[in-house]
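Before any comments, here is the structure.
Here the chain labels run A, B, C and D in written order, and each chain numbers its own residues starting at 1.
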Amino acid sequence: MTPRRELLRVTGNERVGPYTLLRTARGGVEPGRPGQFFMLEAPGRVLPRPMSLCLAPTGELAFLIDPVGPGTQAICALQPGDELHVLGPLGNGFRLDVPRPLLVGGGIGIAPLPYTAQVLAARAGGRGVPPAVLGFRTALHAEAAVLLPGAEVCIEPTYVTALIPAAMDVLACGPEPMLEAVRAQCPGSQLAWEAPMACGYGACYGCAIEIDGEIKRLCIEGPVLTAPGSPDGATAPGSPDRAPAPGSPDRAPAPAEAA
Amino acid sequence: MILNASGCLDALTAPDVAQQLDCFVTKTVTPLPRGGNPPIRIAETAVGMLNSIGLANPGIDRFLVANLPELAALGLRLWVSVGGFSAEEYARSCALLDGRPEVEALELNLSCPNVEEAAESAAQIVAACRAATTKPIWAKLSPANWDIAASARAVEAAGADGLSLVNTIRGLALDPRTNRPKLHTATGGLSGPALKPIALAAVFQCRRASALPIVGMGGVWSGRDAFELLAAGATHVALGTVLFGDPGAPTRVAAELRAELARFGLECPRDASGIAHDHALSFQPPLLL
Amino acid sequence: MILNASGCLDALTAPDVAQQLDCFVTKTVTPLPRGGNPPIRIAETAVGMLNSIGLANPGIDRFLVANLPELAALGLRLWVSVGGFSAEEYARSCALLDGRPEVEALELNLSCPNVEEAAESAAQIVAACRAATTKPIWAKLSPANWDIAASARAVEAAGADGLSLVNTIRGLALDPRTNRPKLHTATGGLSGPALKPIALAAVFQCRRASALPIVGMGGVWSGRDAFELLAAGATHVALGTVLFGDPGAPTRVAAELRAELARFGLECPRDASGIAHDHALSFQPPLLL
Amino acid sequence: MTPRRELLRVTGNERVGPYTLLRTARGGVEPGRPGQFFMLEAPGRVLPRPMSLCLAPTGELAFLIDPVGPGTQAICALQPGDELHVLGPLGNGFRLDVPRPLLVGGGIGIAPLPYTAQVLAARAGGRGVPPAVLGFRTALHAEAAVLLPGAEVCIEPTYVTALIPAAMDVLACGPEPMLEAVRAQCPGSQLAWEAPMACGYGACYGCAIEIDGEIKRLCIEGPVLTAPGSPDGATAPGSPDRAPAPGSPDRAPAPAEAA
């Protein structure tokens, strides 16, 4: 079943470091599971843009957006009172039934973690928020850490992988090199990957990556994929035993021309 | 009739989107399985998008065994888009599909990589397929063609039952930071609103040149766009790139099209077909399905 | 070098615009005078425009007597765009222009009405003109071509000295009130930003296929657009539709291009030519003028 | 010499009947002769739009615009403080050295007449504004007559030609059928024609019409053209002896294909 697409009203636009936290009314859209994503209409653009849910305040949805190009810039320019179409929740989020969750974020990869922390905390009852480690490029970027109170923060040249203790159930989101490093270091970690996406619901095959030696659609099979192994050395049941390498052409099939 | 454009919808992952359509068209199926091109496969341009998916598909044999029964189970009217790299390859797939009652028609993707788009070649493929199946054959042409009307006449003479116009046209976009092509394959197919005037011209010219019914496509975003393709000569309309941003587009565009028809006092899409032509066209394409 | 696109500027009515350019290209001159098509001849589309001017021009004989001396008096570097309806017609005009020292080069508009755009035909015209003149010959190709790289190779083999890429591609727009084509000729040539990804792809592919220098054009609106055509493989850039809205575009685009080159640490347009290609291209096109 | 193109600031946007009176700062742009026109940038569009100068208050230019399509609608949506590029003055305006001027306008064809009246009045010294007759489709459209105080106004089914006395030097602007009627009725009248224009300065050949049996560019030869004859029955010296019929394909040469 394709998820709901609704025209939602923007309720807030706040600066968080170099990022924009965009709030919308929730309407009939479900926030979904942490790590799932939404396709946000980008005003004036042909294609929508995939965004993780960052926060789910009562009656609202909130997205943390890095204005890296025309689409994200157009979304960040939306002001309270404006409207935009939102489709979701899409894809597969994080499995939350893990004994020792650790949230790991790099840069804008922090985006899905505040909502993840909130849901985990609710599940844990009184036992508080899960631990989190965050890495950023600059102090300005690190201002986004306010969205995840209590998180341990490092700034380059220190890398976030230096802060990850052993034998934790890692839930991570960040740039590709970071995810590759986490995958190598943390067996069984759940990694939220990125790929260019035109549709987010399996229609375009634009997000294809290699999973288990087969070309699959990240929007359908991911964006969260579990790395091989388990924090304890066992193999996680039902998880792919090979992690994807989005964007690495050497893993992809021989090139052919056009669609 | 509103269809999807081949390759722009997977009925198995989005059955409720497919169910809004009058008829579902599969992604092009080739003789052998194809993983498609390496990423990056999509990029945006001014009012358009580029893709170089590379005909990712399970191959005809697995398609017949695995996908077709699943698609049939959805209860959709079904066209299968057929691709290949020689007339024999196309014909073989058509022959395999000929015996499958759940398939209503075959669309030949004649704008396939490595397949010469010259009029004779397209006509040769159509002729070979004509001999292999009794199902209706729709010939899908590329707008990268100096004289698309000649191609239309050629495939009509070779036995096509309809035209699908148009496929994407080759385009390129550079990454503003690296100055390298955004797509791994460098060039890709341009679709979306940027293609609309080109599609309208192709439909207009082919309608003048041939009596075949036409599925018009290329940048349909609204009921007005669909109406214009009909006016230019299409008998049906297909939605492609618009589906990516708006999976509710089939229902929305159908409603907007009804309103647009009503605004001009027309009862059904058929009444709008060809009205952009100066003089009543001397023929009415057969309804065909 | 920044030129105007043929047919997009009249140096006689706007000399100060022409003087901003490194070189002025005339509107296509045909053997006989042509009034052009009846109005309406222009229409706007999403990020593009359609025209069906119909090669309005005084004809080569009057051009030589009346226009050429006036143009020469402006002191501009001058290319003449030559059109025709057969290889002989093109060659005759080239022969007439060959003896005129004020003409620096000839651009063959091979995307002319009624002239087949097939690779052999373009090559035949180039070969005939090659025999008729010693001046540099630039072959202007249409993007409505399944394999433009093959055309590029063919005209190179026939003796062309350079490529002009691209001409407009056929498009159509309907009047929203009457549902009739906006243009009298129904279809027309699509130019402007909508053409840019198509032009980039054509330049990219031809640069891979041929060692000829390339004048890139199609939707150049800014220095960044010019830079991208260079990166895709052009050695020069021409401005067309942008001139209509902004007669100061040559000066503006040249300044923006300099800034864009500087941003990437490049000294001159030549240094940017072809940098979008993965590997250093094995050849450097000759500077030619 | 191509005229000046400048980025001008919008200083006012007023409703006048169904039309919009857009005021801009004048910058270094000359108002030119009445009947000349300007190419106005239409935000978000590829091509600019031709507009007659309606009024030339000190330090300002003012254009009266009928929002008939995307370009004019985009221009009419401009608000004070916005900026737009303006190129002009372009083309040939009205000859004002006529003994008995009468301004004749139909619908939005009133646009160039207020400035024309102002310049004529200034030339005439104390002898006041020239007489004017205006025709409109509806009473709402006729509200634009406030821009030409003292004008005689009629509304369809009465046509403005019914209000034109004999032996006047007519300066007219209006829809093509009106201009055709005026040309037939008033020898030597100066008529401001329209044609689709992409450039306004002779570059595109989009505005071509038949003048004196030759295809000419209206933006260069016009937009004001003098009808054959003179109010007194003599032939006006130097004026074309055949008036153009823009948009009438039967007068144009045999069709050929594309550019």
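Here are a few things to note about the model shown:
The rule we apply is simple: a contact is a pair of C-beta atoms (placed from the backbone, for glycine too) under 8 Å apart; a residue touches a chain by one contact, two chains touch by 3 or more.
Not measured: the values here are computed from a predicted model.
Each step here moves to a touching chain, and the least such steps from subunit A to subunit C number 2.
Shared contact partners of subunit C and subunit D: not a single chain qualifies. Note on chain placement: the centre of subunit A and the centre of subunit B lie 34 Å apart, centres being C-alpha means. Our note on geometry: subunit B versus subunit C, Cα centroid distance of 32 Å, whole angstroms. With each centre defined as the average position of its C-alpha atoms, the distance from subunit B to subunit D rounds to 47 Å.
In whole angstrom, the spacing between the mean C-alpha positions of subunit A and subunit D is 59.
Residue numbers of subunit D whose C-beta contacts span two or more other chains: none are found. Residue positions 45, 47-48, 170, 187, 193 of subunit C are each in touch with at least two other chains. Chain contact topology: the protein chains form an open path, each linked only to its neighbours in the line. Listed by label, the pairs of touching chains are A-B, B-C, C-D. Against subunit A, in their complex, subunit B makes its touches with residues 7-10, 12-17, 27, 34-45, 47-49, 51-56, 113-114, 168, 170, 184-185, 187-189, 192-193, 241, 243-248.
The part of subunit A that touches subunit B in the complex is made up of residues 1-2, 5, 39, 41, 45-48, 70-71, 85, 87, 195-199, 201-206, 208-209, 214-215, 217, 220, 246-247, 249, 252-253, 255-259. Within the complex, the subunit C residues that touch subunit B are 45-48, 50, 116-118, 142-147, 169-174, 176, 179-181, 186-187, 190, 193-194, 196-198, 200-202, 204-205, 224, 227-228, 231-232, 264, 272, 275-276, 278.
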